[in-house]
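Below is one structure. I have some questions about it.
Chain lettering (A, B, C and D) follows the sequence in which the chains are written, and residue indices restart at 1 in each chain.
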Amino acid sequence: MSTELVHPLSKYLRAAMMPHIWCSGCGNGIILNCFVQAIDELQMDLNKLVVVSGIGCIGRVAGYANTNSFHTTHGRPIAFATGVKLANPELEVVIISGDGDLFAIGGNHFIHAARRNLGVKVICANNFNYGMTGGQQGPTTPLEAFTTTTPYGNIEHPFNLVHLASASGATYVARWTTLHVRRLTQSIKKLLQKEGFSFIEVVSPCPEIYGRQNKMRTGLEMMEWFRRASVVEHFSDPAKAEITREKIVVGEFVDTKKPSYEKLLHEKIAQVGKEAGKWGEQCAS
Amino acid sequence: MPVRLWRTPLDIEKVKLPKAEIHITKDQCNGCGYCIQYCPKKVLEESEEINARGVHPPRVVDEGKCIVCGFCTAVCPDFAIFVVEKQCEGGCYV
Amino acid sequence: MNIAGSVDCEGVAKFAAGLPHVVLAKDNRYTCSDQGQELIKSDVKEHKLNRVVVASCSPRLHEPTFRKACEEAGLNKYLFEMANIREQCSWVHLHDREAATEKAKDLVKMAAAKAALLQPAEEIEAPIIRKALVIGGGVAGIQAALDLADTGYKVYLVEKEPSIGGTMARIDKTFPTMDCSICILAPKMSDVGHHPNIELLANSDVVDVKGYVGNFHVKVLKKPRYVTKDCSACGECIEVCPVIAPNEFDAGLAIRHAIYTPFAQAVPSAYIIDMGICLNKDGVIVCDKCMKACDRQAINFEMKPETVEFDAGTIIVAIGADIFDPSAAPNYGYGKYTNVITSLEFERLINAGGPSGGHLIRPSDMQIPQRVAFIQCVGSRSDKIERLYCSNVCCMNTIKDSLLIKEHWPETEIYVFYVDIRAYGKGFEDLYKRARKEGVKFIRGLPAEVIEDRKTHNLWLIGENTLQKKLYEMNVDMVILSVGLEPRKDSEIIQRLLTLSRTQDGFFMEAHPKLKPVDAATGGIFFAGCAESPKDIKDSVTQASAAAARSGILMARGKVTVEAITPIAYPENCNACGLCTKVCPYNAITLNKELKRIEVIEAACGGCGTCAAECPFGALTQNHFTDEQIVAQIDAVTEQGAEKKVVAFCCNWCAYAGADFAGVSRMQYPPSVRIIRTMCSGRVAPKFVERAFARGAAAVLVAGCHPGDCHYINANYQTQKRVERLWKRMEQQGLNKERLQLLWASAAEGERFASKIREMQAMVEKVTLEDIENAKKVFEKALGGG
Amino acid sequence: MTKKGTVLEGVHFMNGDVACAEGAIAAGCRFFAGYPITPATEIAEHLSQRMPEIGGIYIQMEDEIASMAAVIGASYAGLKAMTATSGPGFSLMQENIGLAVMTEAPCVVVDVMRGGPSTGQPTLPGQQDVMQAKWGSHGDYEIIALAPSSVQETFDLTVEAFNLSETYRVPTILLADEVVAHMWEKVVIPPAEKIKIVNRKKPNAPPQEYMPFMPDDDLVPPMACFGEGFSFHATGLTHDEHGYPQTSSSEVQQRLVSRLCDKIRKNAEKIVRVQGVMLDDADVVVVAYGIVARAALSAVRKARERGIKVGLLRPITLWPFPERHVAKIAEKAKAIVVPEMNCGQLVREVERAAKETPVVFLSKLGEDPHTPTEILEAIRRNSQ
């Protein structure tokens, strides 16, 4: 059991930033692991890859992936990514952020990017609460769940993220848990190869903050919940895929094709103007 | 007649199964226990030692049982464990 | 001298002549022969007869013959009736001519009484679906499927294993011709795979069959393979799969991986994943080596079981047989001593494609044995382990195997321990001679036990040579147990789904051992191969072609005639209570609430008559088994000496056939019983029993199929309810309920029937006249009508 | 009105919003993200037509927050980017203006000022966002803000705004007002080659050595963009020269925040531009900016006709504030008159710079800008 060999994925991580800040049992590390694994399997050009994140525990992921990365303000990664993707469509822009960042404060940007079918890719770590600020109720907190701001049990109905995404027009929608690492990796590969707005929800354990308050004190307990409750059902009705204690429907929900916003935009430009296609000329000069 | 493996199969020597080299970066481990729990061959267990992050990193019980499925590598949130396939002359045998 | 041996036929004929309505009575031999039939025809014409009764064998055998004769004479075939004075009289009372003759007279009288009331009837015709279901993909199923498909019928071939091929695919050479087994089977297998008329459902189970001859509705559960049709069987996945298990095909002598193909020639060739051992549980993919290795992305862990539904006109049951597990015979040490192998394991060892590459080696040390012993009848012809029958193939198989050894290693000493050598078939004797010429030693007398030498793993055989009356103690390197065949463990499932019957051995029972050897008693269902009894390949193929032909005949006709034994409704009596609709096993009766009456769907009717038995208002009766006709039979029996007689109501398929079987087997029982045949015990209305008692019968027997074996799905559950109600009533009225007996006896249980009659006879003798009188009073109401 | 696919040139008659849009194009802006709001809407409308013609991007976002975020994204992807709004939208942009400051993203924010607070007077001019422009986002930072007082200047200053933001990697704000934005005037656009254009500094270090936030002597770090082969990280968190978060290091916070301020403060002399009219002998000096400066100028001329020694100091750069210029005129002047369309914002900076010299504030709210007569009256009162 020597350790002189290096981890096969270490080249995709910023050594200076390791080890990461995440708690023991936190699913964010698994998501990062699957993400870089997917990049490795696709042999992607890291120079053409931009990882954008927002605020929250998972927000740090941008710093950890050894590629172009930007850590924006709370809720705004998709808006920022819109600028990046339109300015240079050759860049593969991936937003990795949390449920609060993407669907509470950033909800508006999500649905509009999906509506426009902007060709950015969104991976959401859904941990059911605001972990970084100490476990407050959020847009995905299950009914009756306990958080530091729902001490008597949550009375708000949570978002069903896959339903929201497909209703908003995403061309690829999938849900996995951090236990489904193989499928998640394959799913991320698919996501990275889609043209239009694509979305993966990763149900992720937050034992230290959320679990503790809801009788799942360890990551293992939360992962066991995922193992017990999850059922793989591809292309089932996202409207019927609410996450409950008993059942977590995982799988692909949507996989369709339609021209991306930037494609249509640059077709227009090509048709209207003459100088279309000279991207980054300001930078190049 | 139901097949029972009461007699060692005659071709057992001919069966090639991968042999593993398990690498654990102890101080990177954060002690979640996923690799131990989800190893299909129960190759790992929690060790007594305490690492730089103040947790018990896993320890290999029986490297011989490992079949290099690589799930521990894939499920580790801390990139603290990985498995490589041992290279033997013409493949490793059971 | 079938009948005349114990019955005074002439006397019976004279008696018959004196019966009401009878204008002509003749004593004649071999009436079923052409001359006999001609006689009937001419008499009908000459004497303008409008009813015919033949007293001879069982209607289950020759009723069709005589009906045909009547029809040819211009008489509606439903105007014919039979008195069974052979199977149910002469053969079972061989040593009491007088009583047998008396009984024969009664039986004729009953038949005549019924005949007087017979009505002409037209049979209605239902279309037959021109598709066949074949259950089981062994050589028999394959042959049957191919024959039907080549004839042009659509065939659904359902095989529970991942590949077709069955036991034959695992055998090295076939006797007596020494053909390479898989070499002759593989082409047939791939024909099945490619045949445009065959839909192969491998790795699938038949889970439900509804309907009736010509119109079955079948549900098949297709178990997931987790590998899609895109699989090119390239084998890359096997290379990387890290999980291994004993290989069923090689009888556990070799290993296979979690993803595998059963054998090289498998059809369908697509691989399959054994989820029992695969690491990927609960929808979590732990190991994705096979997925990564598969260029065609043919691996899909999300596959779910799917139910396939289709209609079929006929069904061929070819589920084969299991191979006896010799660890049930512990004295031979199988499962303990590595060098004790079964004949099937031998086949895999001697097969060039097997785990040892065709070398017969001792598992203990991989050495080629010098001295080999075969032990015969392991799992056959032994009451110790309740396998009384001969498995039919083992003798020749051993002889073939011994020659194979001699072929490769002529120096090997071979000893065959046997009980008898049965080399009855074409070319078998020659093979047997050859073996002896080659020096194979045949020793009569099975070893009492086999003991292993701990060090050498050689084996000691200890027993008695029954020819030389000498004890032997023999040391050999290897022992091969010539294991027998036994019914499939899952036979009950098919039996229940198709309402079939099985013999005591557990194999499926044919409609008639001689004249309908491949038909099941249930219409539209046929047998092929070892499902019906142990067979070698040749016989299995022969029977398969026969079964294919039989079902082809039905489908070619395109329609099935439903016997005119369907219900007759008298709407004027019906008050739309709906009881009949509840008891009908076929939902063939519906209640029309508007018109306040019931409607009968004749094509769906199975003809059990339980509806007629259930109706309290006489609004329903059954064609050809009307209340009047049955009552007439009862009255005929009870006219004289009722107090000494047992009136028995037997269902056509089990109890009546059982009684016939008792006759065929010459089982003797008291002559006091008079059997009235109904199609199902469910037809027996309480009023029939009551009438029998009211007319002074000593006892009544109601007999039907075992619960679950009913040929009308579940009609005999009604029988049970009704009899229980009667018992209750008898108890309340202070009658001895022993006088009414209920018997479940299958067509194979002749002895069960016979002993029931013996037992009842003992009881009847205790019944006093007073008892009889009490019963008469209690049930006198039943005398009204009829 | 424009030749397809080219940067506009020659003599034109247009309003301030259009001039701003054309100025952006002339400066090399190829990305605009915005959200409709009076009185800045015409900028978006004009660019939605012009951008495609010249191969640029126009997108209407879901709100001003998104617009500002998108602008920063485009800037990091290598385009010169701009957004335009008015008071309410400007408020929404503040957080991300802070992000642009922290990540040193070159970009231009146009705020066409209207009457506030809140929805206020959408169609009337104001100068109420002067302080918000400086202090609107949380935390300490310096920023550049320019105030045009004519349509021509709106064109010129938009170009200037891009040049400054590219030079100093700081968001630059064009503080126009409703009158300038909607006023139609002659605009002379020189041929493209005559227009001075500045582009951001590129790194000359090899990618593996590149530190995205390591400044040169001018305190401004060279800027690589996504896709140029420098894989780097940027964050709104306090970060070191590598761009890596250092959220608990006082020393890194000290170094970063003071540099962000100093790169403007220490370069203030190079940045600041003012217009002075008849200041040499002036006893009274009017300090005015934007449209108000136009009224002030004619008031100054009328006063001179009446023999009053009065001059005009017009800050073109509101931020950094032209402190030295004000101090200089304050040495000689008896009084300083400051007319503003607010309740007193820039006047505070004037007072601070003027020391003992009395400063008279002329407020105007809720209608058209000060008239020359009103300003003349104030000059006369303070000239005795």
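Operating definition for what follows: contacts are C-beta pairs under 8 Å (C-beta built on N, C-alpha and C of every residue); 3 or more make two chains touch, one makes a residue touch a chain.
For clarity, every value in this text was computed on a predicted model and none was experimentally measured.
> Measuring from the mean of all protein Cα atoms shown, which chain centre lies nearest?
A
> With centres defined as the mean C-alpha position, give me the chain B-chain D separation in Å.
Distance between chain centres: 63 Å.
> Could you state the distance in Å from the CA-based centre of chain B to that of chain C?
It comes to 53 Å between the two C-alpha centres.
> So, what's the distance in Å between the C-alpha centres of chain D and chain C?
98
> Let me have the rounded angstrom distance from the C-alpha centre of chain A over to the C-alpha centre of chain B, please.
The answer is 30 Å.
> Where in chain D do residues touch two or more other chains at once?
Correct list: empty.
> Among all residues of chain C, which ones touch two or more of the remaining chains?
Expected reply: 284, 286.
> Quick check: what residues of chain B touch more than one other chain, meaning two or more?
In chain B, 38, 71 touch at least two other chains.
> If two chains touch, include that pair; go through all of them.
So, checking each combination of chains, I get A-B, A-C, A-D, B-C as the touching pairs.
> Of all residues in chain B, which touch chain A in the complex?
Contacts found on chain B: 21-26, 28, 30-34, 37-38, 53, 55, 60, 63, 71, 73-79, 82, 84.
> Write out the stretch or stretches of chain A touching chain D in their complex.
Residue list for chain A touching chain D: 14, 16-17, 46-48, 50, 52, 60, 62-63, 66-73, 76, 79-88, 90-91, 108-109, 112, 265, 268-269, 272-285.
> Going by the contact rule set out above, which residues of chain D touch chain A in the complex?
Going by the criterion above, the answer is residues 4-5, 28, 30-31, 33, 51-57, 59, 61-63, 65-67, 69-81, 95-96, 98-99, 103, 199-200, 202, 225-229, 231-237, 242, 244-245.
> Chain B touches which residues of chain C in the complex?
239, 242-248, 251-255, 279, 284, 286-287, 289, 322-325, 335, 338, 342, 344, 355-356, 361, 363, 366, 483
> Provide the residue numbers of chain C that touch chain A in the complex, in ascending order.
282-286, 288, 291, 301-302
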